[in-house]
Amino acid sequence: MALKYNDFTLQELMAVAAARELKDGEKVIIGTGLPLLGAFLAQKTHAPNMVAIYESGAIDCKPLVTPFSVADSVLAPGSAMQGGLMEGLGIVHAGDLDVGFLGGAQIDRYGNLNTHVIGDYRNPQVRFAGSGGSNDIGAGCRRTIVMMLHQKQRFPEKVDFVTTPGYFRGGKERDKMGFSGGGPSVVVSTLGILRFHPKTKEMYLASYHPGVTIEQIKDNTGWDLVVAKDVKETERPDPELIRILREELDPTGVFLKKK
Amino acid sequence: MALKYNDFTLQELMAVAAARELKDGEKVIIGTGLPLLGAFLAQKTHAPNMVAIYESGAIDCKPLVTPFSVADSVLAPGSAMQGGLMEGLGIVHAGDLDVGFLGGAQIDRYGNLNTHVIGDYRNPQVRFAGSGGSNDIGAGCRRTIVMMLHQKQRFPEKVDFVTTPGYFRGGKERDKMGFSGGGPSVVVSTLGILRFHPKTKEMYLASYHPGVTIEQIKDNTGWDLVVAKDVKETERPDPELIRILREELDPTGVFLKKK
Amino acid sequence: MKVSKVMTAKEAVAKFIADGMTVGVGGFFHAISYAITHEIIRQQKRRLTICQPSFNEHADQMIGAGCVDRIVSSYVWMEVFGPLHCFRRAMEKGIPHKIEMEDYTNFAVMARYLAGSLGIPFIPIQSMKGSDMMKYSAWMGEGKAKLIRDPFNSKKEYVAVPALTPDIGYFHVQRADEEGNCQMWGIWGDSPWSMRACKQVIVSCEEIVGRDVIGRDPNRTILPGYKVIAVVPAPFGAHPKHTQGYYDVDRDFIFQYIRESRSPEGWKKFMDNWVYGVEDREGYLKKYIDTYGMKKFLNLKAKDISSSSVNYGF
Amino acid sequence: MKVSKVMTAKEAVAKFIADGMTVGVGGFFHAISYAITHEIIRQQKRRLTICQPSFNEHADQMIGAGCVDRIVSSYVWMEVFGPLHCFRRAMEKGIPHKIEMEDYTNFAVMARYLAGSLGIPFIPIQSMKGSDMMKYSAWMGEGKAKLIRDPFNSKKEYVAVPALTPDIGYFHVQRADEEGNCQMWGIWGDSPWSMRACKQVIVSCEEIVGRDVIGRDPNRTILPGYKVIAVVPAPFGAHPKHTQGYYDVDRDFIFQYIRESRSPEGWKKFMDNWVYGVEDREGYLKKYIDTYGMKKFLNLKAKDISSSSVNYGF
């Protein structure tokens, strides 16, 4: 292995962390960017039987070129099935899928996500895209993996708008809703990896990324973040995974900006 | 025109009568047998822009061979669209179609149709096929054309089982249901042509087929059948229509048994 | 390369269809899996609930063989070919035993499947409203259909029909790959919605093709492989029905079945010949050729009417 | 031969799109009809309600141009390309004027279209439940969505969303015939359900083909001609989006739009160049080639990845 793959960027670390969350044989609905790289990395390594699905209705894609969009033309040829939104999101709503990837402008203590507004919904300070398929994926997939930029205003105690419910205000509140999906299982942030307490459903810090301190993470979180007793450094990526990411999955550096 | 087309059978007369009920440009859902011949006859003559639709999801069919079944393979090649039942009956339920053809074991005074049972539903004397698409077509199409074998037990005062509602017990009863479809507009029977009174919705005799008496029709109807003041003989088919039926539409005599 | 799901009809039926299951059957006159149907009969499955918008002789044969207790359907008949005698004997006289049927319309069964396939609990429709199908229910009772008010327009009432999600489904397609990705053209029938609504699916197919053939035209796939647990190669597997692009319907054979099944004895003889007395689909085809001749068999084969190609390039 | 519905985008928009209409726009990132969108902007249509599960720059341009009062959607953004500035200016600052949006999810809009296309009054879903999309409504009030109980299982609640049936729809496909039978492959997006739900549809297409080409592969048809009132020939009619088998997405052009539209002045300049300042789609393409060169234009063209053919014979 060439030494050049011993280094890694934060984005690469996050893509590898996302890949680790996926098990072989799972049906995964993926977006663009890091989730896509994470999913394809998993498929190229420990999860060859993973089924990659896009909400645009492409099922079990084997694109020759890394797609730039969830509706990229490269997704269709070679996929096992190509339909439309009804095919892509119908199976999400039916509860067929194991994992979905989510992101957003804000996430709160109980994993609720906001992709609508900062400020008042009717008079927004900043207006974002809206739900798209996020709420559908959050309600339908057995579990979700959230990828977030970790900043204080993005990790508030309570989101300004609940686009995609996590665990509401914790405990059994989500269970009562009767969703087919179980909620977020992990948040892969730019500072660390966070999980949810099995009973309280409160988010806690499971690991901090290399070079990041726990203090730094707590400072960038809008509530008093619980830290796991066995908190540790996020596992460093194997150089082989970095090689696959750079050379096979994103050779032109579309998603992983060249350093 | 050869003299040989100056004669006609009862079935041919009925097919021609059915064809006359269709207007150019209408979207028509057709079955097999006489409705099919009637519809294609209309398309070959006065209604070239008629759109022929099958519940099997074949839309605007131009079959090279007369289909034997609503799901005949000859329907697909050359059709404008081929889907499945959802495509074929979805547009019926949506109220997109002008005309549907129906038939059945029994029809009553107000055009209610029975294709389920003779006798008690739970302990039937005779069990028939069931609704199939009939009830859907009856509820959804702007109007329906019913083709019936005219016998007393098939024209009871009240059907043993309402599979496909006509006008229920008459008057405004159907209107109250809020169907997208308007109900039966005509019954083409083996003895005559019957229509429905615009207000009472009771079936009445509009014309008797050549060689059939009004008395005969009344005898074969299970209630005191009203006869139109201007009742007349059913118009005899133009020999050219008979030629098209025999030579172009059913050259092998699948539906029009050879005399 | 994912694990191959290819197996024989015998293996698939033995492994995945258990007595008492609710079974969704796919197709609409066109492309009915007789390969699987006959195997269900040979293996003497019992107490099945069978579901399909419109059933033909395949249901009749399973009813006659005593496999079926309950039917969810809108139609059990053979169009202009005539009535199905086992169905009538069972419904009218309880021969070989009494069966129950929940009577819907074609669209109502489709709505139930659509709901099932999309994780929707029920769908409100106008069909069935005011008909006697709303008055009577067999075993489902209040759960068959319910008159409800439109929450957005309180003056309007609709018939709510519940999602249908059979334990297992089976159907026949032109081609599938070893992972179970199914492609079909011509008349889809109740598919794709019926099969998507089933918890698991057995597919029989005219041909098993490579994953690359599937990937060349992914819009033709009507069921993704992850729903499929068994892929059964079955050339002429829908006979006496047709399969677009492969063979036409065998009208004589269907008329013969309807004629012979008028009496239970005649039915038994037909079944001894064509189902019980043959080992599998290959045995059936061999018997067909032995009985009717190669010429008649080859006459069923479809002519070439090519779709031509489209470009999936980017 | 039925009457030809072929006309220019200019004629179709003038004839069939009126101020104040509810307009369904088809596509999902892929195959958006810019041919029709730009014509709507040039003809200064006003007070439109535009509907689509996910909107991109085509919505942004109509919003910036003042055509839009209301949006039914779940998403107005351009994925990894970035935010849409006219949308944000309108929502945050009322520039050029205040607009309203009914926020749904992608699946919820699809459910509304599915209901509309099938004559179903509403569909109950689990999406949106418990989210703040249920708390807020713009102009629809109580009619946006309602929490209802499953009549078959009183313990379960679902979000009922009402049928959506726009006055008119428009979308882009690879090919259509003169009667308006539309064939599409690759990513269908919200079609076929969105366009089937519209009362009438304008289609723009890469190619107008004979009815016989349509009939050769009728399973590819996603919208039957009777729904279509105008067929607009528009090669490269989805640019800067892609159309499978014809051309790829033009990333540079999309980035340029997002960059230039950061200020109302920059947006105006872009639109003067590419919409207001060109007569029609041909003018647009000519300008593109004049500006960026023939080589860049030809680079967008799709490679050949053939689907191969299937047999429709009987």
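Each chain carries a letter (A, B, C and D) given by its place in the written order, and its residues are counted from 1.
Here is the rule we use: a residue touches a chain if its C-beta (ideal position, glycine included) is under 8 Å from a C-beta of that chain, and two chains touch if they have at least 3 such contacts.
Since the structure is predicted, the reported quantities are computational estimates derived from the model, not experimental observations.
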{"item": "Least step count from chain A to chain B, where 1 means the two chains touch", "value": "2"}
{"item": "Pair sharing more residue contacts (C-beta pairs) when A-D is set against B-D", "value": "A-D"}
{"item": "From chain A, the most remote chain by mean C-alpha position", "value": "B"}
{"item": "CA centroid of chain B to CA centroid of chain C, Å", "value": "28"}
{"item": "Between chain B and chain D, centroid-to-centroid distance (C-alpha), Å", "value": "40"}
{"item": "Centroid distance [mean C-alpha coordinates] between chain D and chain C, Å", "value": "37"}
{"item": "Multi-chain contact residues (two or more partners), chain D", "value": "119-120, 125-126, 156, 185-186, 188, 216, 219, 242, 244, 248, 302, 305, 312-314"}
{"item": "Chain A: positions in contact with at least two other chains", "value": "58, 72-73, 76-77, 82-83, 90, 93, 140, 180"}
{"item": "Chain contact topology (line, ring, star, complete or other)", "value": "other"}
{"item": "Chains grouped in pairs wherever the two touch, ordered by label", "value": "A-C, A-D, B-C, B-D, C-D"}
{"item": "Residues on chain C engaged by chain A in the complex (per definition of touch)", "value": "2-3, 117-120, 177, 179, 181, 196, 211-212, 214-216, 218-219, 221, 223-227, 312-314"}
{"item": "Interfacial residue positions of chain B with respect to chain D in the complex", "value": "27, 49, 51, 58-60, 62, 72-74, 76-83, 86, 90-91, 93-96, 140, 180"}
{"item": "Of chain A, residues touching chain D in the complex", "value": "32-33, 55-58, 68-73, 75-77, 82-87, 89-90, 92-93, 116, 121-122, 124-136, 139-140, 161-165, 168, 177-180, 255"}
{"item": "Residue ranges of chain D touching chain A (in the complex, touch as defined)", "value": "28-30, 53-54, 73-77, 79-80, 83, 87-88, 91-92, 101, 103-108, 110, 114, 125-133, 136, 155-157, 185-193, 242, 244, 248-249, 251, 302, 305"}
{"item": "In the complex, chain D residues that touch chain C", "value": "111, 119-126, 143, 146, 148, 150-153, 156, 158, 160, 162, 174, 185-186, 188, 213, 216-217, 219-220, 242, 244-246, 248, 302-314"}
